[in-house]
Amino acid sequence: MSLKVNDLRVYYRTLAGDVKALDGVTLEIADGEIVGLAGESGCGKTTLGNSLVRLDSRMKMVGGSVELDGQPLPVDDFEAMREHRWKRVSMIPQYAMSALNPTRKLGQMVREVLEARGVRYADVRPELERRLDLVGLAPAVLARYPIELSGGMKQRMVMVLSTLLDPSLLVADEVTSALDVSSQRAVAQLLQSFRDHGFVRSMIVVTHDVSILYQITDTLAIMYAGKLVEKGPTDEVMARPRHPYTRLLVSSLPEVGVRYDEERLSGIPGSPPSLLNPPQGCRFRDRCPLAFEKCVEEPPMRDVEPGHPVACWAVDATGAPA
Amino acid sequence: MTSRPQAADAGTAPGTTPGAGPVASEGIGRAREVRYYALRGRKVMISGSILIFFALFALVGPLMRPGDPNAFVGPLASPPDGDWWFGTTTFGQDVFAQFANGLRTTFAAGLLGGGIAAIIGMTVGFVAGYRGGAVDEVLSMVTNVVLVIPTLALLIVVTAYLSARGVMVEALFIGLTSWPWAARAIRAQTFSLRSRDFVDLARMTGVPGRRIILSEIAPNMSSYLFLTFILLFGGAILIAASLDFIGLGPTEGSSLGLMMYNAVAWGALPLGLWWWFIPPGIGITAIVAALYVLNVGLDEVFNPRLRES
Amino acid sequence: MLTLDRVTKTYKVGSFGGSELRAVREVSFSVAPGEVVALIGESGSGKSTIGKMILRLLEINGGTIRFEDTDVGKLTGSALREYYRRVQGVFQDPFSSFNPVFKVSHVFDLVRNSYFGDASKAAWQARVSAAMDTVNLEPGQVLYKYPHQLSGGQLQRLLIARALLLDTQFLVADEIISMLDASTRIDVLNLLGDLRERGLGILFITHDLSLGNYISARAIILRRGRIAEMGPTAEVFGAPLHPYTRMLLASVPQLHAKWGALGAEERAGAGWAPSASEPCLYHALATPGPVAGLAEVGPGHFVGCVNPLDDGSCGRSASPVS
């Protein structure tokens, strides 16, 4: 097991009280696995990704534990995480490509990042150039400023940099969202190839775009209102979604070939509950077409088939709605 | 301003988005929040009290000693006592009456000068920032020209032509010369607000440009405009005092700067008449300092990112 | 209804306005009543610039935009105000479309002040509730709230309702759902379909091919300010003629078919360019069609030059294609 997240709870402190952004998530990721996190905004997918690498000052971990490669990961201790970041866990944050320091040449920036972690730039330079070549960047980009690069090129640069020290786990948060269709595909497939080349052992990809996840992930984890509701092999979840939320979500997605005149898709009525005071029991029950009395109790994650757990009372062991 | 990448997670209201944290909520919540932080902030409370004290002094003081503050009414060079609270000048003028009337003049010069500068600065800044293009280029050029005019040299020339100068003339002069930095700052703010979609939406509702500036853009920077006015107010007081002190102030009446000018001119320092120059000195320093501290304090109130803790 | 004829937009860039940036070049197309036309392009294609020119938020540098019999570029004062009574727009960022210091009803009040100053209170209320009904919003629940208290989907519906308060006949919808969650975006998109059935002409500007494909009857593919391909949506997506369209379609993440392996060219982040062996259909046909700069290859299906240069050539030999 590469990563083990056990009942992780992370709250945000606000003036109005604690926002329970992540309320008991248990997740395991195997070596070589790419897991996609999907769900509506505010479901906790970005919080989960962030909390594994860097918990910021507004977030507080109130429960649970994280283990990476058999050793505990002190995710709630920002200072202690310093020695794990980049080396064991690494992250491509949401706005990484616009966060590159405009006054530094890229090579200089790489040098500073590495030396802050006690790695000599000269030692990794050959490997850096090899990896730049792999993502279609010439070594000459190291002598350029960020502004001279296109969005897709900057994103590739960030990807290479954040995996240069071969971390066990990479968290990629919305890395393709701001890109054009054509570079989106290249960046997504390059992420996949990083795993294939062993630059990272396993990966969590966070995006609101389910079709990207379908393309590059092995496992899909669907989140709703701070909890995991379904997890399973990507093809299986997309072809036969079990949780009513996943079903509605998947059926609301248009793709090329689906036309309004021929097949009218529909969204999910209602909106997610407030996470300041989330309701007891299943959090989807207000919007759920299958909800019944039992749903006031919290549904556990139960395997509907091996490796495909679902948190829903209305889905029995055979996977069919009860 | 903020730029969001396409398709960023923004589906839910910031208040319920976990990533948003303690956002400064606008509207009703914001008014309450501003009041809360204003009353809790030491900077605002202390500087506000100082200003209110001097403002009351300027209102009530002259009523306690009516008549011409420059009249020769008392003994010569008397130190403060029960009859002459602030003492008298070498010529037997009442320092208390001069100080109280001077405070009035100082506030008037500040309000008028700062007010005129604020009106010009805001008008130029709003129009340049909103219209852009050639209008912006012309207005920016005018702004920069006024910015580099040597104010003092200009004033000396103007003084040569004006035999009698009042507070009004002084305030007008200060107002006409101290607006450029405000215009530039407001232009920049307007420029970024103009690109927000709600401005385009108002244009597509047939709302004329003047109304868009006044009722769509200005309310979004009301706190900023208020702070600008406070700085202009303090600046005008300081400039007025400096002008008075070098003898370019009003030719009649009393002002704090004029008191200092007379005290120095008639040797109050070598003669040890400390009660002549200390009150106006403290008055100017305290008012201007309080205004600047108030500015910093209010900035923290309006801008959550600057709050301590 | 709305016709663009060789519309061009240039920006002066550089110090002293020395050089020109041509954002839109000789774009011609039209939209009929009751028709949704998708204007699809990547960033920098000029798609939003076209929308803003139609809405007269940007000056038109060359060519003409006509709405029925009026030349949109020449409208001023009260004529422009009357134009806005019939032509409206909704933009990408719902939070930026509302003035944060006012309640959301402010946008309705502006409409009332400008256009319905003499309408009775009852008549206005009836109009508001009819518009709110169309967009499926409960006036009491949303109108008296501040923008940050509502979701992006609700705000976009309010903006559509605002357009309906006027006698809108043509709507420019510029990326209106790209910031919404998957579960709500499809409902807003369906709303556009409902408006179409009321006879509105809609220009749906998007970077997302699957959304453009879902809702539109005709599609226009824009590349670097020029039309690459234009035609009935089913044909543009089913039998694309321009290599750029084919590349976009191959890059779109599908939900039922996975991407192929990444080619060396796609790996590089330099942006797409047609391969030298690609024949140019436009120069091969070389028959002056009804639309400037485009060759008609099928009924209503137009294609532009493969790689248009500034002098009008594509640098290809005009070998006829079979």
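So that you can tell them apart, the chains are marked A, B and C in the order they are listed, and the count of residues begins at 1 in each.
To be clear about the criterion, a residue touches a chain if its C-beta (ideal position, glycine included) is under 8 Å from a C-beta of that chain, and two chains touch if they have at least 3 such contacts.
All figures in this text were calculated on a predicted structure; none of them were measured in a lab.
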Fill in: Pair sharing more residue contacts (C-beta pairs) when A-C is set against B-C
A-C
Worksheet, complete the sentence: The chain whose C-alpha centroid lies farthest from that of chain C is chain B
Worksheet entry | Length of the line joining the C-alpha centres of chain A and chain B, rounded to whole Å | 51
Fill in: Distance between the centres, which are taken as Cα means, of chain C and chain A, whole angstrom
32
Item to complete: Please compute the C-alpha centroid of chain B, do the same for chain C, then give the distance between them in whole Å.
Response: 48
Practice prompt. Among the residues of chain B, pick out those that touch two or more other chains and give their numbers.
Written response: 6-12, 15, 23
Worksheet item: If you look at chain C, which of its residues touch at least two other chains?
Response: 43, 151, 181, 184, 207
Worksheet item: Residues of chain A touching 2+ other chains?
Response: 40-41, 208-209, 271
Worksheet, complete the sentence: The chain B residues in contact with chain C across the complex are 4, 6-15, 23, 25-28, 196-198, 200-207, 216, 219-220, 222
Worksheet, complete the sentence: The answer for chain A against chain C in the complex is residues 40-41, 135-137, 149-153, 156, 180-186, 188-190, 193, 208-212, 214-215, 238, 248-250, 252-260, 264-268, 271
Worksheet item: Taking the complex as given, what residues does chain C use to touch chain B?
Response: 43, 52, 55, 57, 80-81, 84, 88-89, 91-103, 107, 110-111, 114-115, 146, 148-153, 159, 162, 175, 178-181, 184, 207
Worksheet item: In the complex formed with chain A, which residues of chain C make contact?
Response: 42-43, 151, 181-187, 189-190, 193, 207-211, 213-215, 233-234, 237, 247-256, 258-259, 262, 264, 266-272
